[in-house]
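Data block below; observations after.
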Amino acid sequence: MQTQILERMESEVRTYSRSFPVVFTKAQGARLTAEDGKQYIDFLAGAGTLNYGHNNPKIKQALLDYLASDGIVHGLDMWTEAKRDYLEALEEVILKPRGLDYKVHLPGPTGTNAVEAAIRLARVATGRHNIISFTNGFHGVTMGALATTGNRKFREATGGIPTQGAAFLPFDGYMGEAVDTLDYFEKLLGDNSSGLDLPAAVIVETVQGEGGINPAGLDWLKRLEKICREHQILLIVDDIQAGCGRTGKFFSFEHAGITPDIVTNSKSLSGYGLPFAHVLMRPELDKWKPGQYNGTFRGFSLAMVTAAAALRTYWSDDKLERDVQRKGRIVAERFQQLADYLGEKGITASERGRGLMRALDVGSGERADKITAEAFQRGLVIETSGHDGQAVKCLCPLTIGDEDLLEALDILEASVKAVF
Amino acid sequence: MQTQILERMESEVRTYSRSFPVVFTKAQGARLTAEDGKQYIDFLAGAGTLNYGHNNPKIKQALLDYLASDGIVHGLDMWTEAKRDYLEALEEVILKPRGLDYKVHLPGPTGTNAVEAAIRLARVATGRHNIISFTNGFHGVTMGALATTGNRKFREATGGIPTQGAAFLPFDGYMGEAVDTLDYFEKLLGDNSSGLDLPAAVIVETVQGEGGINPAGLDWLKRLEKICREHQILLIVDDIQAGCGRTGKFFSFEHAGITPDIVTNSKSLSGYGLPFAHVLMRPELDKWKPGQYNGTFRGFSLAMVTAAAALRTYWSDDKLERDVQRKGRIVAERFQQLADYLGEKGITASERGRGLMRALDVGSGERADKITAEAFQRGLVIETSGHDGQAVKCLCPLTIGDEDLLEALDILEASVKAVF
Amino acid sequence: MQTQILERMESEVRTYSRSFPVVFTKAQGARLTAEDGKQYIDFLAGAGTLNYGHNNPKIKQALLDYLASDGIVHGLDMWTEAKRDYLEALEEVILKPRGLDYKVHLPGPTGTNAVEAAIRLARVATGRHNIISFTNGFHGVTMGALATTGNRKFREATGGIPTQGAAFLPFDGYMGEAVDTLDYFEKLLGDNSSGLDLPAAVIVETVQGEGGINPAGLDWLKRLEKICREHQILLIVDDIQAGCGRTGKFFSFEHAGITPDIVTNSKSLSGYGLPFAHVLMRPELDKWKPGQYNGTFRGFSLAMVTAAAALRTYWSDDKLERDVQRKGRIVAERFQQLADYLGEKGITASERGRGLMRALDVGSGERADKITAEAFQRGLVIETSGHDGQAVKCLCPLTIGDEDLLEALDILEASVKAVF
Amino acid sequence: MQTQILERMESEVRTYSRSFPVVFTKAQGARLTAEDGKQYIDFLAGAGTLNYGHNNPKIKQALLDYLASDGIVHGLDMWTEAKRDYLEALEEVILKPRGLDYKVHLPGPTGTNAVEAAIRLARVATGRHNIISFTNGFHGVTMGALATTGNRKFREATGGIPTQGAAFLPFDGYMGEAVDTLDYFEKLLGDNSSGLDLPAAVIVETVQGEGGINPAGLDWLKRLEKICREHQILLIVDDIQAGCGRTGKFFSFEHAGITPDIVTNSKSLSGYGLPFAHVLMRPELDKWKPGQYNGTFRGFSLAMVTAAAALRTYWSDDKLERDVQRKGRIVAERFQQLADYLGEKGITASERGRGLMRALDVGSGERADKITAEAFQRGLVIETSGHDGQAVKCLCPLTIGDEDLLEALDILEASVKAVF
């Protein structure tokens, strides 16, 4: 395995190649193959970008056909067949059946770009500047988005410039079971000297991804929506990681029966790992003037092609939804067993999540790292998240076959038992 | 032509579909085809993203091969064959022959992301916060990059939040021929109460793109480099639009014989219109700690595949360079003739640029819009830039055939003469 | 009473002249005299600036003597007899007996200036930027201090610019009796993705003044000090309103037995209503370089003369302390009776405070305003505070005679009973 | 001379006591007396705070009378006789005769507070955030004002936080005689991608004080006013140092025949060295809501008493104006002779200024320090200013007697000749 040039030329900022120091060459479905031919089951799946697996054949065909036809690959934000088809698929397959009426903003093809566009729109539309984010929230690292991202690792790498325009509040459950953290939010809102500038918007992940797979309670989300409505605060659901079916519904907020004012999607939106993002917004919020937010790769055509294929293939009926829920229960059960096993060994552990966005929390990053390192040796790519990296995380493809799923869970079990 | 859904669902922020209100379906080389079969020669080329033309066959083959082999499409920043191959091509074809020693940071696949990473690194590496940008500079619209972008259109769409951490200075020529604007910069630096915080970095386009195709003088650039060295200021060349051969050299700064500390590339870097960006930095500046700057689509594999193919195809010898310079002279000559023609009609006009990054400045956006609208009717996609949109802009594919080039210039000439 | 010129020429920003629309001409001790000869007992006392009463004769004599001698009135921060004498009095009468070792910074003569200097020093000394403030905290309105002040009234009058460099946490009791708000602070500190940038300092009022006379529990303050020590966070006690004896000790933090790293004093520090402020800091924190923080009126000589006289007159023994505590009990008892009375009338009311910094909370600003308006008619100047103005506030001179005190309390009682 | 306690207890931030390391005890007119009895002529005069000299007997009497009568010393912003009398004097003696119609805001009693209030009002009144300041401008050090202050010494002492909401432009003459720096301002304003956010206001000193006694040309000021009017930019003249007669007119902008929208005064406004400041504004700009900007010492009564006395004593006729102009010519002539002398010694030097705000620029701070140190030994307190401290500065009392003036100039001459 030739890695010298990779080690020499790539910036020290690189991270996953440190956890998985092999050169990957091929991938199919839930499996990655390294240069030496060794296969790995992928429980990371591009941090939630590959919900339909690697190189999904149905989506691939659409991509190859489009390329073969010399369709428009890059056209800034001009009108293309690909864009029209994407909007049609989005409306017919996703929005209409859910009774959602949104306009679509196609910013640069990354999640952070969608978040920047969303919070800027919220400011323009409300005339307020403050954005509420939550403890352990992650919404990207460009400066506007970073203001809403909780991780010190990123926040301290600004060269000392404080972020501005956002304030953090405790996420659901953050202060223990006895405290409804929205009581605190409501008190701050109603208090003229609380220090909380009246917010333009709240940005929330219904299940926090990088923060440790923390699902907000459905009642908490409903109450959050209600508070926002009462105070003319826009509700932004950042569904970049939890969306596109990861929790067992296309939008993660469907579980709670709420309707955000603004939604951001990216990661699995293209369905094939291609960079893509959009912002959905209630039509009356579309206060953008032509060209006020731009970017060279806004509306990436190939991604719109694969996204339309993915939507039509997987979301025209409820098969995938039900399958995700079923597999989610399998993972939950196995994680719970591992938590119980660890409990017997004197290690406090627990499982949590929604759909196939699940975590086995082993209480410390040190422990979690031991488990994931062992798992990698045994053929499973799996990562940690959470403020201390304490949560071993299942983000496997939603389309993973049962055989692969069970093999992966077996590897994880063996790894836990080998280590503790 | 069915455009209702496009008009109904896409945000009002859309812009190019207003100038070119047709649905494009196919493209090849320098030609776009609309749904009604009408062909257009493309003098916009993705705002400089399609230097090798639409669906360039040599690059396309590499992409199709990679897709066929089920190579890794998305792997966060793991090691892949595609990344290794890209780094090898970059080193062998580009850096070594030019005597450049840079490390590579692969941030999110957009220009603004590369700029955010570059200026943040400059702050971390120097312990200073101030970034110098220039009048009419454009470096992206996420909040960190926006601080260095001059356009009020974007700056006023932040919802009232002032950008922070940057200061603007006059670009070369901004104060007329009699003033060397770097005299002002040097005076500010040497003056302890000038109001200029000692800069971490200067970020500069050697030929300003969105600002109106303004080439900085080569001596001015040399002096800028010298001033930076003397004051421990990092020199960042934002080569997102002017790089990848646009000016007749791979890096636009080669003309001036300077060596930036940090370089940003994007747009044509992938060679096929795929989202991609990198930051090059002197190795000793690589102060990043693992994972301090992240993003889901950092190091987009398909783009690395096409980028490597583009580099090897077009930059292993100096053919393209010479061809760009030759065609640049043709465009310059024709633009000068048009400027002369307009002068005879009493309209002050001029041509300027470097390589195939050229403008015909007609003095007002109103005039320029009339010309480009007429040209579109006649089959030429061409746009304006500059603070008032006063510069009709040639950003055609570098690989455009002479026939297409001359036809496009004929259309432009006819358009100018039809309008004035 | 001639008020036209006052109404015509003074900015609409004026506020107390709206509550008390008479022209005051003279004052002595706890009594103000208006132009028409009517006398008022002063329970506002310059919002805590006149702890020793109006025109206190002992302090006045020192001032007159100094003026008569043509001592230095204004000398920037040059050395003067007045400054030396002030530092001697401060050290001998206040610091040494309390075992405190502080250096003294004499910034501009206002509280907000002292706060700006304190938080800037904390940033310079720690290399961190974040300042923790608390809900309902008030620390001044210049932009640096405003970041730590909770009132929307001021925060919304910045012309839309967000303040920066501070974060708000819940003050003691803010989330109800069941929640120790410092649990939340500790959790945020220990959580790497909480969104809380590691603080340079905490700034706290031990009894919040403008926020509604909210005393922090003494155990809460002790724990706050402990948390700060454990995380290398500087503890700033803003003792501008609660200091100088107001709570029954010279420094309000003496009750809790804590030792702040930095202390700000102003308001009653001069003892005569003259503008004056200082910042006390542990000697090792004095990281200022010469002249890094300046201001024309730093170290106002006349104020240092009166301050030294006030310290020597009132703080050489514990008489005043004991007297304040005694009178505080009287006020507390009478306020409690009024709360009980209101309770019987179906109005939830309560009393709270420390020493002679006390409030009768009547639940709403509307009610409180009725009471204070009535009291003014009956000869008592008294104001409200709190986020809704719901707290009728006793800030009478500490030196008020028992007769005046009781008469004022009688007026207040009559006013309450007249209104409800 | 006992200085231990001063050296031990006062923060290292102290500065003037380093240049003049004696303890001053008394002062009268233009003369300071140190503890050892040595007298010094005062060419610093509180950095322009003592325009009427130390302990001016006419003003002193008003102060003593008010103190004797037990007038209100501190009343927040309540109505007092002192305030009414001050407003009357201001209107009758100053505003009416000059045809000026301003409302008065009495913020905290310091210059920086007045600047904070002025720029905040400009933002509120215009809905824009950007404030234009000029190279070498000084407007105070609290965070809001600091954004407009050019000195790195202060700007670098924020603990790394960048200031926000202001941009610097070159002051008159900054780019040499050939460049009218307002051409640059106008170009930036008219250019939509210049990077200059449309300003709420320009803040300018007509003669820069701390920046080195730099007088703006009168035509430049007129053009600046015109540009502001044309672009709906408010013109703020910061007349804190140059106002109150220092330049030979009460307001320094009278020379140019311009009418600022907002004026700040402080320093000599009280006439006796007492902390005091006001903001004057065109009545229609008074967008303050009650209480939106506050501060404990706003409208300091004693200062209003002395200020009224000073205005009536010195500004009821034009005697002082003419006298300042006459003495200014004397100083100018002597400074020019010194500049010529230095020129003969091969040292490039020059004189500049307006009225009694004058500088002898000796080209470097090192040289200037030698001269002022020598002068201090010989009995003259005189300081330097400018970005390098290169300008030996005359800010003597306007009321200085000719004998003292000439003696001081003789000392300065002897000092220059002793050193060079």
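Here the chain labels run A, B, C and D in written order, and each chain numbers its own residues starting at 1.
Quick note on the criterion: a contact is a pair of C-beta atoms (placed from the backbone, for glycine too) under 8 Å apart; a residue touches a chain by one contact, two chains touch by 3 or more.
From a predicted model like this one, the values you see are computed outputs, not experimental measurements.
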Legend entry - Relative to subunit A, chain with the most remote C-alpha centre: D
Inset, instruction - Please state whether the interface between subunit A and subunit B is built from the same residues or different ones, using more than half shared residue numbers as the mark of same. - result: same
Inset, instruction - Would you kindly tell me how far, in whole Å, the mean C-alpha position of subunit B lies from that of subunit A? - result: 31
Legend entry - Chain centre separation in whole Å, for subunit C relative to subunit B (CA means): 57
Inset, instruction - Can you tell me which residues of subunit C touch two or more of the remaining chains? - result: 129, 153, 160-162, 164-165
Inset, instruction - Using the touch rule from the top, collect the residues of subunit D that touch subunit C in their complex. - result: 2-3, 5-6, 9-18, 20-28, 32, 35, 44, 46-47, 49-50, 54-55, 60, 63-64, 67, 69-81, 83-84, 87-88, 90-91, 103-106, 108-113, 116, 120, 122-124, 126-129, 140-147, 153-154, 157-161, 164-165, 200, 240, 266-267, 272-275, 279, 281, 286-297, 300-302
Inset, instruction - Can you check the complex and tell me which residues of subunit A touch subunit D? - result: 160-162
Legend entry - Complex interface listing, subunit B residues touching subunit D: 129-130, 133-138, 149-153, 155-156, 160, 162, 164-165, 167-168, 170, 174-175, 178-179, 183-184, 187-188, 191-198, 210-211, 386-388
